[in-house]
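Both complexes shown next keep subunit A, but they swap its partner, so subunit B is in the first and subunit C is in the second.
== the complex of A and B ==
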């Protein structure tokens, strides 16, 4: 089902959604927040939509900090949320993480309670490369609705029933299928999947792992972890018990495989002691381990890592080296 | 009916029924646990080689191999005091309540070992899950061929399960070789490192499997001995450990290349291990 929404009808629609649901939108270049009028549509946000499903703090248990106290299980959030302005790359990130997290009750609860309205970029980015990683931004994968900015309107494709219901709050009119499909066709013809992926699939794991290029490519890496926190597909987490006064809580927090502590045993032994080993592990996970196990790379081509890396490391230097070793 | 393995990160409350100080240095204690929920306790079924996450509220969780056999009433863990959680655990008295999540991981394929000779090789406190395995094997004695255990510690005071060792030593249907690293007063048993003793015992690799658990240095020198004895890499089973947070394949801390110790292990054949990056 395809619809056309005039650009000037976007705001009234968001207002209408906000009256019935808790609506989140990209508020500034930094990230998403509750809708209060601010709206940033010029490009993707620095922080991805991953946060709606893997939040910065996920309490698992609460307990009274005294011996013998039984912990109480935290009920995950159940409030129905709508997130508008999710880039298709970020939505694909959710789908990739879900391949691992689908059995997790906290993940499930957040997914069930959240509707995603996607927004395709006005122009293909110069810093990003979703197509190279096999993302078709027009597919609507992981979304309930997908909007394509087109001349003076948005072309809208309905993906789910929930999406249809949300769209019914707008002044969108049926139509635009032809324009939508031709935009999609044009995009796919112009922006192919990277041939590196096929090469990576065929390469032997240990050949890539043992290749000599890692030392050189990892040299500038500070192991700061910025790439992992900004990445819409990085899902590793830490678990911490926090006690304040007589209240204790066990929380799940985002974690980075770039950190020395990530893999250090209580004995002090660390299987990935060197910064290079940790750098290598991150790329091997994304472009070999995950690719082999799930058939797709753990990357959606958003380019955030390239843009924000303080050492100016470019993902493609690594992917190219891995695929050509 | 065996309950499906829990796929969430919520521990079940368990009571410490009994604590045994196992070693002279006091750094190893065995904790005998009973789940407070009677049904959960009844349904707790594990395979030797599996582990569980033990948690002390306010400190955190850590993975520990299950040292009790499936037939034993209480779930037992022998814990080395070394980090935040194990330190807190060691301070708890009998009767205290802790959290338990498990069983997790794969365990030893004991069905596959039927009809074969089984050689258990343990160094230091890594003997725990092999204790569980040995108890199981002895309970199903007729299903297996010769059973040999080689177990070494730095000194006699660091050997675990001393009463059981004495009983196993007397058995005619298994061979137990105990060794310590250096001569010690009052010790009339074998002296020497586990690899050397394995070389002397020279178990045959024919129709046999070897289960090896110990510190990396012991494993490194034991593997070539086993190869010489005729054990192929498919016949040697190791148990990996890595830092982990979830134990159920989510957090990715414990990965050895594409292999997740919690989900695909901890038990792994030497043949499979040789195909992985050396990140353990």
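== the complex of A and C ==
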């Protein structure tokens, strides 16, 4: 179902949502936060919306730090939340991570408690390439509602019942289907899927793994966590025990395969000791292991890694090399 | 008159052809108009890829450890030369294993300042003297170079490398007359306001990605204290206490060593002004011990030497005394 929302009706709608639910919005270029009036809609945020599902610190268990004490599982957060302004690439990221995380009770709880309102970009940013990774920003995948800025209005597509309920809090009027579909058609014609993906599917895994280009491409890489932490599809985590006095909490937090510690065994042995091996893993996971396992690359083309990588590692240099080896 | 890029290519070619080094570490064009990439060049033919960068903000000396065993020539503005000097002093690199191709540095531009000039940045043309032409999706802008320079370049005291094997011809920036202005702005605040600045500008925004640590040519410990697990010194989440501890310890580990190349700050994906912490310590080293790092490979290190005239006051008591509070 399609609706039209006037641009000046956006704020009142957000206020209305905020009265009934806890509303999060992109507040600054840094990222999302509780709605308090600030609204950043000029482009995507540095930190993606994945933090609503894989937070920076997720308590899993609490325990008394003494021998024999039994741990207690933490009840995940159940508060109903609405997140407005989620870019379609980020929403698609949630769908990709879910392929791996769906059995996780903490993930499930957060998914059930969260509604996502998507916002299609006015035009692609400098580093965007969602289409190349097979994302259709107009599909509404992973979202409850999707908004397309169009002339003086937003064209709205309702995806779920929850989305319909949220939209009923606004002054949106039915209509706009034709404009929405023609915008979608226009986009698809202009921005095709990358042919590299097909090539990567067909390539032998070991041929890519053992290719000679890795060393040169990895040279400037710092093996930091910037690309993985900003990436809306990277889902690796660490589990830590935090003990203060006699109280312990076991927490889950993001971790990056670029870090030496990520693959270091308790024995001290590290199968990915070299910086190049860690660099290679990031791209092999995204564009071969995950692709072979789930049929899709673990990338939604948000371009954050390309934009923010301090060493100017460009994903396409690597993908091209991988698909052409 | 040839450009710096031409001079670098010519010098690099000569270095490789004459066997003065096996590899030249420099910069090539990046994938965005406001990024350059650290690149190792192995043959005279490849030297045509090298450029003098506007955005050479990552210190290439941090890659040296990956090229162990090879003699490496580095395209060296002041701060790169100084980082190598500290590495020599600390026994990480032997002076005769590196060839410093010195460049009198006109300063590097700040990618974030350029990025903020428009929605899409299409092209950047830098005259390396006065002006920068930035072509954006909304039109062209001509901006004074000074306005786009990185903060550490604006505050740089040694744009001309103090140590080199060969110095290219060119005109360096003038050493900054006010290197500690930003530090002093924060020093002038009340204690609680300084703490608030640290919490808001640094701690709360940091995502613990360690790009700053890994970008630093002088952060070379095989196991950083944050990665130690037996014992574990610091928690790993974004808890403010743990994040603050990371930043304080990192800064202190660079006291008397940091050469203010700005690599850490440039690497930060969150644009956190974390360089101010090390700059503050640089100021302390200068005011208390008249010490500047990275000027002479033979000189002793600040933290491993003692002179009778060294002040024994700790920073805080010294300040309180000056204020007549103790």
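Keep this in mind: the second predicted complex is superposed on the first by the 325 of 325 C-alpha atoms of A that agree within 3 Å, B and C clash if a C-alpha of one lies under 4 Å from a C-alpha of the other, contacts with A are read in each partner's own complex, and residues count from 1 in each chain.
Methods note: a residue touches a chain if its C-beta (ideal position, glycine included) is under 8 Å from a C-beta of that chain, and two chains touch if they have at least 3 such contacts.
All figures in this text were calculated on a predicted structure; none of them were measured in a lab.
Colleague: Quick check on the superposition: with subunit A as the shared anchor, is it clash or fit for subunit B versus subunit C?
Modeller: They fit side by side.
Colleague: For A:8, is the partner it touches subunit B (first), subunit C (second), both, or none of the two (neither)?
Modeller: After superposing on A, A:8 lies clear of both subunit B and subunit C.
Colleague: May I ask you to decide whether A:225 touches subunit B, subunit C, both, or neither, giving the answer as first, second, both or neither?
Modeller: Second partner only, subunit C.
Colleague: What is the contact status of A:105 with respect to subunit B (first) and subunit C (second): first, second, both, or neither?
Modeller: first
Colleague: For subunit A, which side has the bigger count of touched residues, subunit B or subunit C?
Modeller: Per-residue touch count on subunit A favours B.
Colleague: Of the partners subunit B and subunit C, which touch A:126 in the superposed model: first, second, both, neither?
Modeller: second
Colleague: From the CA centre of subunit A, what is the angle out to the CA centres of subunit B and subunit C, nearest 10°?
Modeller: Angle at the centre of subunit A: 90 degrees.
Colleague: Look at A:310 in the shared chain and tell me whether it touches subunit B only, subunit C only, both, or neither; answer first, second, both or neither.
Modeller: Only subunit C; A:310 stays clear of subunit B.
Colleague: Please work out whether A:63 is in contact with subunit B alone, subunit C alone, both, or neither, and reply first, second, both or neither.
Modeller: first
Colleague: Taking the superposition on A as described, I'd like to know which of subunit B and subunit C A:260 touches: first, second, both or neither.
Modeller: second
Colleague: A:75 in the overlay: touching subunit B, subunit C, both, or neither? Say first, second, both or neither.
Modeller: Touch partners of A:75: none, neither subunit B nor subunit C.
Colleague: Can A:38 be said to touch subunit B (first), subunit C (second), both, or neither?
Modeller: It touches nothing on subunit B or subunit C.
Colleague: Once you lay one complex on the other using chain A, what is the shortest C-alpha distance from subunit B to subunit C, in Å?
Modeller: Between subunit B and subunit C, the minimum C-alpha distance equals 7 Å.
Colleague: Does any part of subunit A touch subunit B in one structure and subunit C in the other, and if so which residues?
Modeller: 238, 240
Colleague: Where on subunit A is subunit B touching in the complex?
Modeller: The contact residues of subunit A facing subunit B are 60-61, 63, 65, 67-71, 73, 100-101, 103-105, 205-206, 209, 235-241, 243, 248, 250, 252, 255, 257, 262-267, 269, 271-272, 277, 281, 284-285, 288-289, 292-293.
Colleague: Within the complex, which stretch of subunit B touches subunit A?
Modeller: Result: residues 7-11, 13, 55, 57-62, 82-84, 86, 92, 96-97, 99, 216, 241-243, 245-246, 248-253, 255-258, 275, 277-280 of subunit B touch subunit A.
Colleague: Once bound in the complex, which stretches of subunit C touch subunit A?
Modeller: Subunit C reaches subunit A through residues 30-32, 35-40, 58, 62-63, 66, 119-121, 205, 207-211, 213-215, 227, 229, 235-239, 266-270.
Colleague: In the complex formed with subunit C, which residues of subunit A make contact?
Modeller: 30, 42-43, 46-47, 56-57, 125-127, 219-220, 222-226, 229-230, 238, 240, 242, 251, 253, 256, 259-261, 275, 306-308, 310-312, 314, 316-317
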